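Per-chain residue numbering starts at 1, and chain names A, B, C and D are given in the order in which the chains are listed.
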Amino acid sequence: MTPAPTGPLTGVVPPVCTPLTPDLEVDVPSLERLVDHLVGAGVDGLFVLGSTSEVAFLPDAHRRTVLETVVKHVAGRVPVLGGAIDMTTLRVIEHARVAAEVGCDGVVATAPFYTRTHPAEIERHLRDVAAAVPVPVYAYDLPVSVHSKLDGGMLLRLASEGVLAGVKDSSGDDGAMRALMLALRDAGADRFSVLTGAELTVDAAFAMGVDGVVPGLGNVDPAGYVRLRRHCLDGRWDEARAEQERLLRLFGIVDAGAPDRMGRGSSALGSFKAALHLLGIIDHPVTAPPQIPLNEAETDHIRTRLTDAGLL
Amino acid sequence: MTPAPTGPLTGVVPPVCTPLTPDLEVDVPSLERLVDHLVGAGVDGLFVLGSTSEVAFLPDAHRRTVLETVVKHVAGRVPVLGGAIDMTTLRVIEHARVAAEVGCDGVVATAPFYTRTHPAEIERHLRDVAAAVPVPVYAYDLPVSVHSKLDGGMLLRLASEGVLAGVKDSSGDDGAMRALMLALRDAGADRFSVLTGAELTVDAAFAMGVDGVVPGLGNVDPAGYVRLRRHCLDGRWDEARAEQERLLRLFGIVDAGAPDRMGRGSSALGSFKAALHLLGIIDHPVTAPPQIPLNEAETDHIRTRLTDAGLL
Amino acid sequence: MTPAPTGPLTGVVPPVCTPLTPDLEVDVPSLERLVDHLVGAGVDGLFVLGSTSEVAFLPDAHRRTVLETVVKHVAGRVPVLGGAIDMTTLRVIEHARVAAEVGCDGVVATAPFYTRTHPAEIERHLRDVAAAVPVPVYAYDLPVSVHSKLDGGMLLRLASEGVLAGVKDSSGDDGAMRALMLALRDAGADRFSVLTGAELTVDAAFAMGVDGVVPGLGNVDPAGYVRLRRHCLDGRWDEARAEQERLLRLFGIVDAGAPDRMGRGSSALGSFKAALHLLGIIDHPVTAPPQIPLNEAETDHIRTRLTDAGLL
Amino acid sequence: MTPAPTGPLTGVVPPVCTPLTPDLEVDVPSLERLVDHLVGAGVDGLFVLGSTSEVAFLPDAHRRTVLETVVKHVAGRVPVLGGAIDMTTLRVIEHARVAAEVGCDGVVATAPFYTRTHPAEIERHLRDVAAAVPVPVYAYDLPVSVHSKLDGGMLLRLASEGVLAGVKDSSGDDGAMRALMLALRDAGADRFSVLTGAELTVDAAFAMGVDGVVPGLGNVDPAGYVRLRRHCLDGRWDEARAEQERLLRLFGIVDAGAPDRMGRGSSALGSFKAALHLLGIIDHPVTAPPQIPLNEAETDHIRTRLTDAGLL
């Protein structure tokens, strides 16, 4: 049974990287420093165990350590959402229950993956997950990983019925996201949060009316995203644009890894961690296998971008 | 450290369905009856926790119950392979270690999924998994689920180095599979098993030189696949073709579910279980959520096909 | 040899529908009325023979008729771009030369399709097309049709060298589009037009700095898009948002066709033509085969939306 | 109106390469020599203007030259099928009518592409094309190019009604192809030809009951495919397998082109033409733009393979 959330989640909610030790354990002190780096910059919430957290790479014990560490260290300063990322319903429910037990303020679930799924099965999945946990459930629209797009009509239905508390939209289909927001407004479903996963069009997303943003790059420069949002809220669109463009240039770090040596995931997640390491926030730029580590030249590229962005 | 397998796995190795109770626990007595149904029909091995086993739908405790039940009940009559199906390396290694501990004769792993992967990462993944368990590791080529195809050059390399013991090829690319078999032969890599996941072209696959077949439909009619293989081994190609065509007609059960009500997975896995239930082998035709259950008319379609195939 | 364009193309540039007669010829009087409807509303240019023009459905003689009709009827009031949509280089060059001969101010070409292409081949293709015609060439980024995305680095290179005059970006990847715009600005490539194909996020696109917009829905309500752009140019972002939201509601006409009866293309193109017919601008709502025609109930849905949007 | 074909097309029907001159015109003498090379080797038919013919790269005038040259030069020795490859119905009908006028014995058409299509539209398309030309129409199942798979139920329906004369199946889904063949047999639709586009599993395909094969590699070694089929017809399966394996090794020429320099199409089509040039059959190994030409080292790789296969 999902209680109605007390109000929609809003603002800058970075998906928190998971620092690792060289022997691939969760680096708890680094994770705590990262949390302080983010909360100290004024973010409005944290999303742990999402794609940027390398959730797909973390065994269950690592996942639990992350949840416990962050919930305890945040100590209520901001809401914490926990990803319950797995292939299908029973597995997702197990993760979601752990997140709720540990004290997360909400859980986040994608459509089923690995299996060949169908819209009716996606809807059943989200309903079953929401019914199984005592905290609000957010849908995670991530076609690049799960190879299906959440249907707008379904999201509207689950929002109107109070089944879901929101959506993290990383589909890149801003037209569909906007159509959903308009339909939610028309339906009076104003307790449903629409959060965009886009990190390069945040000013535009706020102008369209999103409730919040979940920027992976927010690990590296949370203060930038906080400023960007303030500009948007205050209608300073020129300043917002300038801030977004600065962040866009900084985002060039994700192309550090040579595309013939590694996938875009290795390059992007590796660059966030390398940046956090260069900034002195985490102790090791280690990513989980089978990701390919960045080499020294690639790390130099990141150092240059950080300097250009005024962060180093 | 992977010991060299004592010889390539060959023959009919059905991917074993996982019977469930109405409250979604593993139905152990039904699973034991299914094992006896398969082993009694003369199959040459069992593959548990593959896609047909609904591995994507089973929590870890269910998975362990399946492994323990089958390994114990088989009691060495035939080799048992255990699927270690998860997103990336550390998670897969955990599953693979459980399978090895419980006594499986080999483990089966796909390319990474959910993440955006790269050939170099796939190779690192398979090497890391093989290095982490004391039993032979088989690669599972399943683009429909993991959205990448295993590279033939990589398989040849890992076969030649003894890293992998075989491949279960469910890619449907029989030209590539045949090119691999020829390259393996040229390289003298004769301890590497090539198993096809195709169930409708098994005679052709044996004619091309595969070592074995992993047919989902083999749950329903294992004796048919055992006969089919015997015909192939003995060069009775006309009889093989007739048997394969009978099985092909039987395979029509997988279309039982209306495509506008459910996905192909729900329909196919549901039809195997409905058939096993109609045949009196398992107690419940239950599939795991969020799969859509077959209705009565759809089950009638399956009953007719079973009768036509001489099984009812 | 491509002459440098005299300045970047900017503003509202609708992709013009191609009215057809019941016997599937180009309906020239209707096309002329449609041109007047658009130019009279104050649009800044016309794009003929794009996807919205059913270019994929029109034989070459139809295509020539469209080009000649529009260029002659526009008579220089606004620039006219002509799509040169075909599979590969030699075929595209033939279309491009016809468009240039007839008097188009620019031609528009996609990446190769039907073939399995490669980034180096896409670049060679666009260079060859640009070298073959005496008018500016615009790249058309349309992954949904051609199944590859134009690389940002390549566009920057071709822009900087003056090979291409602009891009019509219908990829939906606004982050990449924005990164391109920033890179163009940094490179001083200010004669290169970035036009978005998005019709539901036009205010956001202008806020990000696009030069123009190519909205299919602009056939139905060109004045709305002209107003929307004016609001953006004048910094009236609230009015822009309200206008965009009105157009977004109107865009619901594209869902008129039942998804189990037809594809999204049939439904969207059929709805634009049905709307133009209901508005009295074109004589027949006919679409080219094999598209499925909308039925009466579906047309009623469109009538309602037009009324709600204040157009009927 | 499509007349019933006088009997199903059977045997080896190579898709004929289109030799080009250095200035990208059809090299008619080379094409005539290639036709003689193929017909002289005993092939049972020719398929011109398919994917292997670079149909996607040839302007309409080139296409007509190819059709006229081949039909005239073959002079009735074997049937000639002409590809009518274009995006949608009206365009395909134009090509199909040219092929019929010029004297082709049948035309071949794919599902629509570039557009977002729907099964009902694919069926309407094939029906419209078949109704528009006075020669038999064959469906071309080519998901890699058109991004949709022809539905087996539809093919059975169009076969049973006599709308289509056959299918060239390059989908790689041999299970579905076999299910179709069985359904055709059950329905008594014995005048419908099933031709496989696979070139590496031809023995298996004949064992399953296909009527013929359309092997791109048959340009290079038509005699090999003719022998292979004879072995199959006469039940010499071991010899068939050996011949197929020899051809499979020869097929390694298609990997000549470096994958980082070009696409698989450039490499495969380039390798066929390079081989034909090395064999003295065509004058130039030229492929149409934007394909990347093979370099000298890559051509050496092909020379070695031809030597190994006993062709040089």
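Going forward, a contact is a pair of C-beta atoms (placed from the backbone, for glycine too) under 8 Å apart; a residue touches a chain by one contact, two chains touch by 3 or more.
This structure is a prediction, so every number in the text was calculated from the model and none was measured.
Chemist: From chain B, what is the lowest number of touch steps before chain D is reached?
Modeler: Graph distance in the chain contact network comes out at 1.
Chemist: Under the over-half criterion for shared residue numbers, do copies chain A and chain B use the same patch or different patches to meet?
Modeler: same
Chemist: With centres defined as the mean of C-alpha atoms, identify the chain lying farthest from chain A.
Modeler: Centre of mass proxy via C-alpha means gives D as farthest from chain A.
Chemist: What's the distance between the Cα centroids of chain B and chain C, rounded to whole Å?
Modeler: Chain centres of chain B and chain C, defined by C-alpha means, are spaced 49 Å apart.
Chemist: List the centre-to-centre spacing of chain C and chain D in whole Å, with centres computed as mean CA coordinates.
Modeler: Between these chains, centre-to-centre, one finds 35 Å.
Chemist: So which stretches of chain D touch two or more other chains?
Modeler: Expected reply: no residues.
Chemist: Taking the top-of-page definition of touch, could you list the pairs of chains it picks out?
Modeler: A-B, A-C, B-D, C-D
Chemist: So in the complex, which bits of chain C are touching chain D?
Modeler: Against chain D, the touching part of chain C is residues 24, 51, 56-60, 62, 85, 87-91, 94, 112-118, 120-122, 124-125, 128, 144-147, 261-266, 288-292.
Chemist: Across the complex, what residues on chain C touch chain A?
Modeler: Spelled out, the residues of chain C in touch with chain A are 172-175, 178-179, 182, 198-201, 203-205, 207-208, 235, 237, 241, 245, 248-249, 251.
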